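After this come two complexes, each holding subunit A, first together with subunit B and then together with subunit C.
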Partner chain A sequence: MPEAPVLAQLDLEIRGLRKRYGGFVAVDGVSLKIAKGQFVCLLGPSGCGKTTTLRCIAGLEEPDDGDILIGGREVTGDPPWQRDIAMMFQDFALFPHMTVGKQVGFGLEMLKRPKPEITKRVTEVLRAFEIDRFADRKPASLSGGQRQRVALARAMITEPRLLLLDEPIGALDYALREAVMIELKMLQRRSGISFIWVTHDQNEAFSLGDHVVVMNHARIEQQGTPEEILQRPRSPFVAGFVQGNNVFHGNVARIAGDAALIATPFGEFAVPLRDTVPLLGAIASFSVRAERLRPMPPEPGCNHLTLTCRTIEYFGSIRRYILERGDGEVMKLDQFGAEPACLIPGEVATVGWRAEDGVLHEGAPS
Partner chain B sequence: MSTIRARSPAAYWLALPAALWMIGAVVVPVLLILWVSFWGGRAFSPASPLTFDNYARFFGNRTYLALIGQTLLHAATLMAICGVLGYCIAYFLMVKLRNAPLRTALFLAFIIPFWTSALIRAIAWVPFLGVNGVINRALLALGITDAPVEIFLYSRTGISMAQVSLYTLMASGPVVYMLAQIAPALREAAMTLKAPPGVVFRRVIFPLTLPGVVIGQVLVFLNVMADFATVQTIGGNKIALLSNLILNFYEGAQLRAAAVVSVILMACMLIGVVAAMRVVDIRKLGG
Partner chain C sequence: MGWRTRSRLTSWLLGTLTIGFLLYQWMPIATLSLLSFSGPTGGTTFPMNGVSLHWYRELWEASIMSDFKPPLLRSALLALACSVTTTILAVTAAQAMRGRFRGHNAFFYLLLLGIMAPGLLVGFGVALTARLLGIEPAWDGTAFLVHVSWTLPFGFMTMLAIFNRFDARIEEAALTLGATRWVAFRRITLPIVLPGVIGAALFGFSLSYDEFARSLFTTGSDVTLPLAVMAQLDRQLTPELYAIGTATTVTSFVAILACTASLALIRRSMRRG
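Moving on, here comes the complex of A and B:
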């Protein structure tokens, strides 16, 4: 097979994965390639198929169609215990009857490693995860953060090719999450194990993922680096789902050079064309990020509209103005938090953005 | 987690009616039986001197001693059969069966017979087990046997068959409860840690259901030890176990001997329960 060396570079490849439960299509033609040692986040609203995709990779669900290759080896029909993976569950799924030490050594025991080696490795790993104090305790007597460490140690001790994480910090206190995220990111870098992290929280996905896969209605909407997804959303769904975008729906009124003029209920706006030129009159949508918007007098090369400032949200690093557009939707305008406020609630203002900052979406809006 | 809180005065008052009832209906009668078992002399009266003679007479008789052994052996057999059957039924219902309506239907089919009184169910076995009973006719009709099998009725086999049907639910129920407590993710976590299904069962599922198994074993043990009705109806007068020895002594107006056997039976049961509770803390059954 000439392509074998190329495949071996991939930790995971999924081709045309499909899974349905009765009449409900959970995963509809998902394809994905994960290079060695990547941190991948599957992001999407609940019911979008991200967890089902993860469970298919683990072998906990049998796909109706499609192929799954782990490290270049076809595993589609293999049971979970024959795949080179480990998984961390949302509520950690610790064995309540086993001590932390026994629990963490379970994977090595299953691999039939010699007893002295298991003891040695468990001691090392418990120390590395700073849970050696709890070696003889059972999970019920541990805190959420401690359980999370035990679950992670248990999953990583066998050094699998892939670590699958299903909302792994969703069960933790909010205050603990950020610290755990940084730790996990560093752990992933050190270990070189590919992480596939399922979450509905975009902060998690964008701060952790090298590669983010946005899913909706059983399909992948867009995948790429966090920057690509945040700055260049491909669909109105992605633009609306990730924070900080203002989405406009309308029709293509005119093509002028490398820009399209989109007619919306709020006026005509120029948006740079993407790879394909849309048909005149076609339904189109575009988005512009909140930080690209600013109060400005009309000037050429820019788009503007007049809006009423409703409220201001202050986050420290940014100040966000919530502006009423008149169709029940609001628009967001972000300003650096250190600068003096440029609008006050109740103020009617003309805001605008440079035409090149608009992002035209591909395909019909959903 | 079971939490044992310090009891408030109100808790004691709430427990009072039940406590009074238990004292009157159980504790005092048991103490009376214990007292009677030590009565000596010829007259059956509270004025009797207290002696160990009744016990000495019982333990001096090899037939009676053997009967204790046979009763315990019989109970152990029933515990084993009901334990295995009950576990299999519970596992099938709770784990293998994915179809919820079918599970409910089978569950009801399993439970509804137990709404009938134990005595009626014991008696209902007689037409099944007899020489001209349903089982024998079926065996003859199918050509499996040439002549009716006589070991069904009035035999230990028949008693065991009836008791298995009577007590399997007791072994099964606590296991069903324990299985229902096990999060499906535990099984999946074990599988992703490279454990094949057999190992998942042995290392994760079975240990987590062990309290249910033990509780079920205790229930079967106590019921089999105390069950004189089934032994009497299906065993006729041919088979004696400790429980119906009490009845025989009672009917023969040998009240002191009946008291002695009662005390021994209760002691056996108490030892069994204490032993089981050393294995599993019943208070943890709440999860």
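Moving on, here comes the complex of A and C:
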């Protein structure tokens, strides 16, 4: 992501957002900056606070603390209808009693635009979203994909500064999702409207987001580009949550140059230091990606351990070996799918990785 | 015998039972309406002694003593007022319940007490209180209040059930599209819950229209239809009473049919474009 100029106006800024329901803390000090025209994904397990954050941005929930600025304007106390936003809901929340044409024009009607202008604009938008055939139909007679288009057209017709999407393709057939994702991404690029997309599906988040925000337990665990998050997880939670990481827990045994030696139940492993030098004996964790692992004889500059191959998953582009580690956890080793298999189920093998491929976590283990 | 055969037997049995019940429910009214068409010399039981509209004419050209038209008008107006009041209060109360305000459970049970409380005593209590306050019981005063306390819980329950199935996100979608709370309610929520609103209105009307117990002590000297009928029964039983019973039932039928038809229309307009 290119660094945004300091003076560029932000589409959204959140500072120290907090929201609790009775004794349950839903959002605990979330801060976020979104530059103009970004595709941002809020990713996390259910109950992590991502939807509450989105609803606070929309004005559907009142935060207990913190500020929300949309396009540089403070909106924390404003009701939803005074914010320059639109929202798309998981089951689309279409108005069952309104025709497609009428509900797509609803936003413009609320802005009190003249009738002829609304009619003209609705016709354009319906055509752009390829739903002009259904202009006089009610939502109940439409398919899932058609409803999704109606919901999107309804939200985008007023060209809001922010489009908030709450699991927007979760209600679609699996087969349809990929095509819809590509379309939405292109639409976002063309329109220049910032999208904030809430999902628990990391495939969605990493393939769509310019910027991915991983949340857990009401806080932001890590944010950055998909690559940063996938390759350099900052915490054991992020490493374990995103696919393809092998996570190790242990203690710092020694600091040797720019690497830490981490003692784990499976041996000592050298891992490059990150920004801070951990204390000797401190609890530490690190991860190594499945594609960095390979069967290899012991070599200097590499970490090794001996594992039993349990089963093999074949995905076409990759072949994944599930290896038993001995503590009940499994490790994953990925190989290019086009290459011949390097292990067979039941085989006991020494696998390893170059020491510099390990990623030390910064946060305390959660 | 397979389970399908057995279940077919059960369905016959239950079908017969259902038809029996419906007959038992409607036979008395059918008998009554049949006898209301008996001749001028006809009595209040079979045989009918001819067929005529005599008793309906009698009803229309009634003497002062047995004129049902003023009580009928009062009952109809009272029922209409109850219907409107019940609808407005039921919708607003159910809407308030959605907000889960503090004490909403207590509010719910207190409102439902209107159904549980014995009507005669409630009416008596209201009449007593009114006297203490120096208010004369009247059909359009005390009786109206007591009737609403009776019809409101039914309308309220109807609206609660409807709002229970209402997806609040539809409303939220309207808010994010720039609609104020009032506009969202008027343009989105109200049209969707309209079937329940009609149901509440129907309850308000029909429960008030034939209410006897709660009217007895609260209408004052200008009585409502059920009280007038009861008074006439005490004086003299003629097929004229059957005629009024039939006319009232037909009116109710028409009202229910009108509501059902409008519900069907709403549903159809939801489905199609």
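Here is the rule we use: the second predicted complex is superposed on the first by the 358 of 366 C-alpha atoms of A that agree within 3 Å, B and C clash if a C-alpha of one lies under 4 Å from a C-alpha of the other, contacts with A are read in each partner's own complex, and residues count from 1 in each chain.
As a convention for this text, a contact is a pair of C-beta atoms (placed from the backbone, for glycine too) under 8 Å apart; a residue touches a chain by one contact, two chains touch by 3 or more.
Predicted model, so just to flag it, every value in this text is computed and none were measured.
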Clash-or-fit label for the pair subunit B, subunit C on subunit A: clash
Touched partner set for A:21, first subunit B, second subunit C, both or neither: neither
Contacts of A:99 with subunit B and subunit C, given as first, second, both or neither: second
Partner chain(s) touched by A:79 [first = subunit B, second = subunit C, both, neither]: both
Which superposed partner A:60 touches (first subunit B, second subunit C, both, neither): both
Partner chain(s) touched by A:314 [first = subunit B, second = subunit C, both, neither]: neither
Which superposed partner A:107 touches (first subunit B, second subunit C, both, neither): both
Subunit B and subunit C contact sites that coincide on subunit A, given as residue numbers: 58-60, 79-81, 83, 85-87, 89, 91, 93-97, 106-107, 110-111, 140, 154-155, 158, 164
Subunit C residues touching subunit A - in the complex, by the definition given at the top: 167, 169-170, 172-181, 183, 188, 191-192, 269-273
Subunit C-facing residues of subunit A, complex: 58-60, 79-81, 83, 85-87, 89, 91, 93-97, 99-100, 106-107, 110-111, 134, 136-138, 140-141, 154-155, 158, 164
List of subunit A residues in touch with subunit B within their complex: 58-60, 79-81, 83, 85-87, 89-91, 93-97, 106-107, 110-111, 140, 154-155, 158, 164
Residue ranges of subunit B in contact with subunit A within the complex: 1, 183, 185-186, 188-196, 199, 203-204, 207-208
